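In the two complexes that follow, subunit A is the common piece, with subunit B as its partner first and subunit C second.
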Partner chain A sequence: MPDATGLELLAHDLGEAALEAVHYRGQATIVVDPAHIRTVLQTLRERGFGFLASVHGVDYYPEEPRLGVVYELLDMSRVDRIAVKARVPVDAPVIDSVTPEWPTADHQEREVYDMFGVVFRGHPDLRRILMPEDYEGHPQRRDFPIGGEPVIFTRDEGRWLEARE
Partner chain B sequence: MSPADNPQLSEYRRREQSITLSPLETTGEDSHDELLTLNFGPHHPATHGVLRLLVTLQGEVVRDIKPIVGYVHTGIEKTAEDKAYWKVIPVVERMDYLSYYFNAMAYCGAVETLAGVEVPKRAQYLRVIHLELNRIASHLIWLGTSVLDLGATSIFLYCLRERELILDLFEMSSGARMHTRYFQVGGVIEDIPAGFEPKLREFLKIMPKRADEYGAILNSNEIVLQRLRGVCPLDAETLLGLGVTGPLLRAAGNPWDLRKADPYSSYGDFQFKIPVGTVGDNYDRFAVRLAEIYESVKIIEQALDGLPEGPHITEDRKIALPPRHELATSMEALIHHFKLVTEGFRVPPGEVYYPIESPRGELGCFVRADGSSKPSRVHMRDPSFVNLQALRHMAEGSYIADMIATLAMLDPILGGIDR
Partner chain C sequence: MKREVLGPAGTAGTRVDPETLRVRSLNAHQLLRGGELEGANQPAHLEGEELERYVHERLVFTTLDSAVAWARSNSFFPLAFGLACCAMEQFQTAGPRMDIARFGYEAFRASPRQADLIILAGRVSIKMAPIIRRLYDQMLEPKWAISMGACCSSMGVFNNYALVPADKFMPIDVHVPGCPPRPEALMHGVLKLREMVQDNPEAGWRERYGAVGTEERP
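Take a look at the complex of A and B:
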């Protein structure tokens, strides 16, 4: 992990793209402007963070901007980690896809889209990945109720489909 | 006159003669270039779970693979948001069902980091013992099922025989064979019972010998070697781009292992080697995992020899349950017990990502706490989910039979992929 000073310097170098630098429990996080996510990750890659370990979503309900996308970067030679976080509002949840530069983000961005409804602009194949294709809603959002999912048995499948229409 | 029209022959003979063994008429020169889309799975013994692959074939050559997952999605991450921190452990264990200790470790590690809990040394060593036993068990299942795909049935039975010994040990320490809920936030639920150590030592004596036997059988089997050697290699550069970690990356020659690179839970105290491959083909993937079994045995031996005395779980009563005997005598212990069981403990707001080295690669757990007694987000960066993306790159241009072998060597666990 970069120490608190190193993180501040890194955030300073990112210029206006960096909104906030958080150092918590020994872990470094930079909150960035979602519009600049691709350039930020590219800059950090040049600094040695060449491995994108994870992309995942967070819902900060009821705070706004509500949805967060977290990119966990890893520098394998210095064994250093940094998290980059971009927050997007729930009524326009759009962020640039980083899949062209980081092929590993492909499935993970699809998962974030599936679970949170964040649209990744420029993703080659943005479809649901874990939920069924015709599923409605994004279940990992905090205001999405838990339970109450109808179980479709073959015998009442027709009835269920009618009820949905 | 053709024999089929000969009236002197019986009806049966005439029909028999009408069959020609000449090859079927082809549609032209490019009939071999025709692309065929084959739906493979989700219910197929070679998919190691409920994985569906849309495979585009040209003759027998794989041209494209589209994995379709989600058939065993059970919403564990969503369920976790509705449970107190310590009640999340049993649900996250069920993600990657072959490496349940690792899931629990990643989650507990994340919560411990968030809450600032110090884990006693003895608990860390006990965790290492169980993690490495679990790694061996997971590799045994992988080895058995993978070579089963290549047609070797007996190895599967041998592997399950050894795994049984490990599950017996798990049963001794926790009461359960799978999904043990042994790891708790702050340590482990109970100290190992009397009789565990001799039984474990016996296992440690048996395991390397048995691994020798597997090696002897498989490395001198020409069929296995031909199916694995030089098949579907992928270089470390591409693997890193795809986010692949674990034995797959090490098989390609990159010695990245979080146990060495960024030791957690006292891994720094132990001497062990990281097996690496050279070219990253299926044989290297096989050899690296087989070699890891020996290294895990070494780690367990050292952890057992150096097992420090002391508490097996943190003494912080705000996090861990008080010992049973205190409940009868101490009012305070009773209050703590009541608060922990009914509400659970609260964790100060914050976010952490806690990565560990699972049998399949980097297993990272992201936990966001909002100050309440339930996590507001639990995410597992499951290595199978990420590694699966590499299948297309590995198997493109190879025969479909080799794709089966490659999928087996990839070692995907669908419970972990779908969560």
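Take a look at the complex of A and C:
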């Protein structure tokens, strides 16, 4: 990973898009403005980070802006990793899709959309991927009820059948 | 299409005449009494109690229903169908250590239309449930279902928004507990199912779910 100085330089090169550069527990992270995510990733790709290893979502409830999208980039020749974080507010969870440049992001952005409700602008096919199409809500948000149901054991079967009628 | 009568030694088209049939049945009768066939020098004639015992030792009387149940229960055709980690244990029951073939269940079928037992090995997500129900509906009667592991019986540790218990959308005959159940446990479950089919076919899901009369008719 870039050392602290390298990370600062990288953040400096990104200009106003980079809000913060954090070096924590051996993980280099740049927090960026969601409006510039495509240009940021493009710049980093030109610096050698050519492999988008993962796109995932985070819910920072009750912090604001609440939702986060994390892009893990990997430089295959130098074995160098960097994480790019973008935070979006929950009432307007919109961020640009990076699928046109990084085809691997297709399904992963769909998953983030499914689980957290982040809308990726410009995604070619933004549908739910894990939950049924008619599912309501985004289950990985922290204010979403865990769900589940009481377990029906054989000894309760009579009661259950009664309740169904 | 012309139907042909099969004669002795499979010679098609030759009708057996009544005289030959009579001789055959006489021969069979003689054999049953412990005698030798005609032409042999000393046919032993059994009478009374001896004949009774002789017949009892050589014949088994049963009802057609239990004979059919016996045959069915000793050759389930499970559907080759794994959902999650339980499937690994399911494979092992077919492996050399547990060897499900000892009981005649080794023919895992790749098509639900050839299977009569579905083993739900793993967790059933909400999106998967209609697909499993469809597979179950495609299986021919009589059919049985085993729910293997905690997830598809009670949702186990995944008792949340993602999963649905198998009982909610299809009838289950045997629940095998465990997370995942060892191959021995699955084997025990299958043998329990065999017991159920052999001894008490009425204990099936139709009775429990009040679905008698919904059988498929040919």
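We take it that the second predicted complex is superposed on the first by the 147 of 165 C-alpha atoms of A that agree within 3 Å, B and C clash if a C-alpha of one lies under 4 Å from a C-alpha of the other, contacts with A are read in each partner's own complex, and residues count from 1 in each chain.
By our rule, a contact is a pair of C-beta atoms (placed from the backbone, for glycine too) under 8 Å apart; a residue touches a chain by one contact, two chains touch by 3 or more.
In this text the structure is predicted, and so the values were computed from the model without any measurement.
Colleague: Answer with first, second, both or neither: which of subunit B and subunit C does A:E72 touch in the superposed model?
Modeller: First partner only, subunit B.
Colleague: Of the two partner chains, subunit B (first) and subunit C (second), which one does A:S54 touch, if any: first, second, both, or neither?
Modeller: After superposing on A, A:S54 lies in contact with subunit B but is clear of subunit C.
Colleague: Going by the contact rule set out at the top, does A:M131 touch subunit B (first), subunit C (second), both, or neither?
Modeller: both
Colleague: Looking at the overlay, does A:P139 come into contact with subunit B only (first), subunit C only (second), both, or neither?
Modeller: Both subunit B and subunit C are touched by A:P139.
Colleague: Now for A:D96: first (subunit B), second (subunit C), both, or neither, which partner does it touch?
Modeller: Once the two structures are laid over each other on A, A:D96 reaches no partner at all.
Colleague: Figure out whether A:E109 sits in contact with subunit B (first) or subunit C (second), or with both, or with neither.
Modeller: neither
Colleague: Identify which of subunit B and subunit C touches the larger number of residues of subunit A.
Modeller: Counted on subunit A, the partner with more touching residues turns out to be B.
Colleague: Does the superposition put A:E157 against subunit B (first), subunit C (second), both, or neither?
Modeller: second
Colleague: For subunit A, give the residues common to its interface with subunit B and its interface with subunit C.
Modeller: After superposing on chain A, subunit A residues 130-132, 139, 144, 146 contact both subunit B and subunit C.
Colleague: Quick one: in the complex, what on subunit A touches subunit C?
Modeller: Contacts found on subunit A: 130-132, 135, 139, 144-149, 151-153, 157, 161.
Colleague: Okay, in this complex, where on subunit A does subunit B touch?
Modeller: 24-27, 29, 50-54, 56-59, 70, 72, 76, 79, 81, 83, 102-108, 111, 115, 128-132, 139-140, 142, 144, 146
Colleague: Provide the residue numbers of subunit C that touch subunit A in the complex, in ascending order.
Modeller: Per the stated touch rule, the residues are 125-127, 154-155, 159-162, 165, 167, 208, 210.
Colleague: In their complex, what parts of subunit B are in touch with subunit A?
Modeller: 69-70, 73, 75, 77-79, 81-82, 113-114, 116, 240-244, 256, 261-262, 350-353, 355, 362, 364, 366, 368, 376-377, 379, 381, 385-386, 388-389, 418-419
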